[in-house]
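Please read through the structure below; I'll follow up with questions.
Labels run A, B, C and D following the written order; every chain starts at residue 1.
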Amino acid sequence: MNGFQAGDAVMILLGRKRFVMRLQQGRLQHTHEGLIRHDELIGQPPGIKLTTHIGKPFVALRPSLHDLIMSIQRISQIIYPKELGYILLKLNVGPGARVAECGTGSGSLTLALAHMVRPSGRVYSYDKRADMIAVASKNLDNAGLLEHVEFRERDIEEGFVETDLDAVFLDVRTPWECLGQAWAALAEGGFLGAIVPTTNQVSELIAGLEARGFQDIEVCELLLRSYKPVAERLRPVDRMVAHTGFLIFARRLSDGVAPGDLGCASSLAEDETRDSLSLAGPIESADSQGV
Amino acid sequence: MNGFQAGDAVMILLGRKRFVMRLQQGRLQHTHEGLIRHDELIGQPPGIKLTTHIGKPFVALRPSLHDLIMSIQRISQIIYPKELGYILLKLNVGPGARVAECGTGSGSLTLALAHMVRPSGRVYSYDKRADMIAVASKNLDNAGLLEHVEFRERDIEEGFVETDLDAVFLDVRTPWECLGQAWAALAEGGFLGAIVPTTNQVSELIAGLEARGFQDIEVCELLLRSYKPVAERLRPVDRMVAHTGFLIFARRLSDGVAPGDLGCASSLAEDETRDSLSLAGPIESADSQGV
Amino acid sequence: MNGFQAGDAVMILLGRKRFVMRLQQGRLQHTHEGLIRHDELIGQPPGIKLTTHIGKPFVALRPSLHDLIMSIQRISQIIYPKELGYILLKLNVGPGARVAECGTGSGSLTLALAHMVRPSGRVYSYDKRADMIAVASKNLDNAGLLEHVEFRERDIEEGFVETDLDAVFLDVRTPWECLGQAWAALAEGGFLGAIVPTTNQVSELIAGLEARGFQDIEVCELLLRSYKPVAERLRPVDRMVAHTGFLIFARRLSDGVAPGDLGCASSLAEDETRDSLSLAGPIESADSQGV
Amino acid sequence: MNGFQAGDAVMILLGRKRFVMRLQQGRLQHTHEGLIRHDELIGQPPGIKLTTHIGKPFVALRPSLHDLIMSIQRISQIIYPKELGYILLKLNVGPGARVAECGTGSGSLTLALAHMVRPSGRVYSYDKRADMIAVASKNLDNAGLLEHVEFRERDIEEGFVETDLDAVFLDVRTPWECLGQAWAALAEGGFLGAIVPTTNQVSELIAGLEARGFQDIEVCELLLRSYKPVAERLRPVDRMVAHTGFLIFARRLSDGVAPGDLGCASSLAEDETRDSLSLAGPIESADSQGV
């Protein structure tokens, strides 16, 4: 990794605080422990230790995607890294993907998606609230990822503008009311994801997905348990986040595939696939040969 | 998404089984329910429904990264998607990243890394066992991701070949014995990750990380709880994976930064950062202004 | 503890098996490793090591309540010790209590209740299926606790025979249909508990409890995570029970207390009471003095 | 249940606060919402609604064991109901049992034990700190359970005074240093339990238990997940207690039983016994017959 350049996102570790800023020539960053001159950082290697104008030491790092997400400005409940990583894998997000989300919220998922679809993919982020889009834009800009996102201030009832999308994610209160729009926007075989906080919403969404013909439905939660990293007194931290939301995933199959055609409507959960999938694996049980 | 082409990875859903194969002109896939001709799939849209030569219906989909990982051939305990997604975020993996892992194992992390660093990044995967590398290579090839990976059959005691890496991940029995090698291979500010099954190993690794000067140490576990996706009888599945491993993360800072320079040696855990980070956020508490 | 006597429940550890039997003079126990003569055990101290008639060593212990529950014959899903202990505390079960349950099932809760209400309390166990009561009776008899229980083969629609009960527990499919009966059977201030497997049932039960005037409603789950007890390689076991059921608790207050009179309809959960309750504790915040 | 009598523990629900007090003739209870005259409560049925001297309504209930524990004065981390219930079952606590614990702490386990061993059993509670014993005594007295407990201000290095105990529980920093004392105090076949916060302590304790000849070692954690009890918006609470401690259980067998005699040194965990135990059950697989 080369030195910091103007436009880079930089994470500052200063005392017990850490925050992310984007380098700009000639700018000053005010902190609780004095000023940081952006110009002093430009050209320096990541990991450098410097001091503020009143002599307080700080370290400047390249933020990880995890750091970027945890440091965004929040005006709504965000989706956390523990869920974000799993969402990326389930929705098959990666370089080149075209993905839509609704709503934007504070932009934590937007940020993770933008990071992963670079450079040729694209994120379309819908929200009917202008204030949400304003904050999310700022957060994406601060992370240097704004160019990969198109924000759309629009009620999702009117549908997505895009079609043939690789994936759609719904983070709204009544996702079952957006399933027609999501179906229309998705490519055949495309991935749908959603997050809702209550079990009642999960039930309504499952019913809606089945009614609309989505298949391979999976419902799960992810729990992150942190430990105090002390070698001689290793133990879980006292308290943890017990709930952010239930994750629901499904697929839009080809229009010709009826529900039930797959034999089993729902996906095998991660903990049940261990044996079944290895038995069904391509190498062990299904030999290929040339004709 | 366009139609399937030769070289694409395709996931077949056939009865209660699902598996991934890579399309090749002129090939036949043997299954428990009859033959599938690859040629019949080439050109078809993902999500299509066809039949085997004995008339059994199957659906052909583009696999998600989650599908690819869950369907690899296993000759060792694999790292699961619930951990993989979080690892990607913590190690800042994304398009263009240069990442090394040791050991290769069955290649589940290799596959996730290769998917995410495309097209310009690179994965360096080390294992001293040739059989592991052989299986992982097959798995990567089957997923169409082999070109992004360089496998190295090599004892990690001799060190990594690469330097200035963005991230290094250790999935070995005694990761604390590889920390000098990891430090040498990492760029300043680079990310280290590891997974170990026992608490004793976690303690040894924390001690080793501190001794070697790594900072920002985090230890955590991720638990995935799946639900039976039935709208009127929603409930968690009966049994779950209770443990795959403990995840440990740390950063290599600049050589000039001494342990303790950061004020706090360890990272704030996800569940503790909610308030502290939003307070420290760039927009709320740290105003920038031009000079 | 004195030596084993006729009528005692004894746990036998034989090879990798363990089972519970009740001592009777002159009886023989057939096992997969030979015969055990009851008479050889009578008078011996718990913890003794003997051999079967073909020389296989076994150990005879007094079973714990946990052992008794885990060794009952099962013809239905049982309530597990992790839930049973918590139920006992929430329902205020203890020596002298009069408690009813519906349905009996295999009798695991019956057994725990009978153990704890001895010698002066009483358990009333309702089930409309004679086969359930037959198996549960056998299980209670085997544990030496049958005398503390009255089984009633009866449809709960007809109500409980008893009144003024200290607690009632419902383990039926539609507990919201038994709330009138439970209210009639409970003393003022009495405790209600229930277990159901699905979130839909939880919602229906909460609505029913509120409609019927029950207060102090609490909903929770208990998760037991076991570790492999190896000092140098301590780690959680690979798999665990992810779900047995949701526990719901409530109280029947005096007929004159309307819902809402308490200011807050629902109980503080265990994890929220830490500070609030210690502040409200009798010694710190509420001084007593004589007049 | 009859009306309240002098000497009874009463739980008062007043606004958003709840606390426990013990009724005494002629006493006044000061609260943040006015005075409560004990004499007004004596003779009233549990569940009654009254008002303070300034007209604030309150409800008076019999506290459950759970209520009693959650309302004790705390001068140390307490053991919570989720663990207490399981401890009672594993240690076979019940009416008539003779149990020792060390240390006393704030007395939450003491209280649960005293409640359950009534009327003929006895709890022996050791602590070397007089202030702990003073607070615990007050807590037990407030709950009306003091008569069943003997507190002993004593360093456990000097051993327990009692012998032939049914169970011993250790809640000290270095329980492995008390195992000789516990062995001496326990009856053959007696139960040992312990709670420690760190994994390092678990490892040391397992090693100590094996060295001392304890058998049937089990290590586990209990997690309580609470739900917001709202029928139409059912969801887990946001945050939960992630860790109070690891529970360790073992048995003292007869002096003649060597480690390993049982074939397997460690107990089957709850989640592994489902099948094995029902197969080994006395009724299904081991027929008894008279001679």
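Operating definition for what follows: a contact is a pair of C-beta atoms (placed from the backbone, for glycine too) under 8 Å apart; a residue touches a chain by one contact, two chains touch by 3 or more.
This one's a predicted model, so the numbers in the text were calculated from it and none came from an experiment.
K.L.:
Higher C-beta contact count, B-D or B-C?
P.N.:
Looking at contacts between chains, B-C has the larger number.
K.L.:
How many Å are there between the centre of chain B and the centre of chain C, using C-alpha atoms for each centre?
P.N.:
Result: the chain centres lie 44 Å from each other.
K.L.:
Any idea how many Å lie between the Cα centroids of chain C and chain D?
P.N.:
16
K.L.:
Which parts of chain D, given as residue numbers and ranges, touch two or more other chains?
P.N.:
199-200, 202-203, 225-226, 232, 234, 237, 239-242, 271
K.L.:
Is the chain-to-chain touch network here best called a line, a ring, a star, complete, or other?
P.N.:
Contact pattern: complete, every chain touching every other.
K.L.:
Going by the contact rule at the top, pick out the chain A residues touching chain D in the complex.
P.N.:
197-200, 225-226, 232-243
K.L.:
Which chain B residues qualify as touching chain D in the complex?
P.N.:
199-200, 202-203, 239, 242, 271
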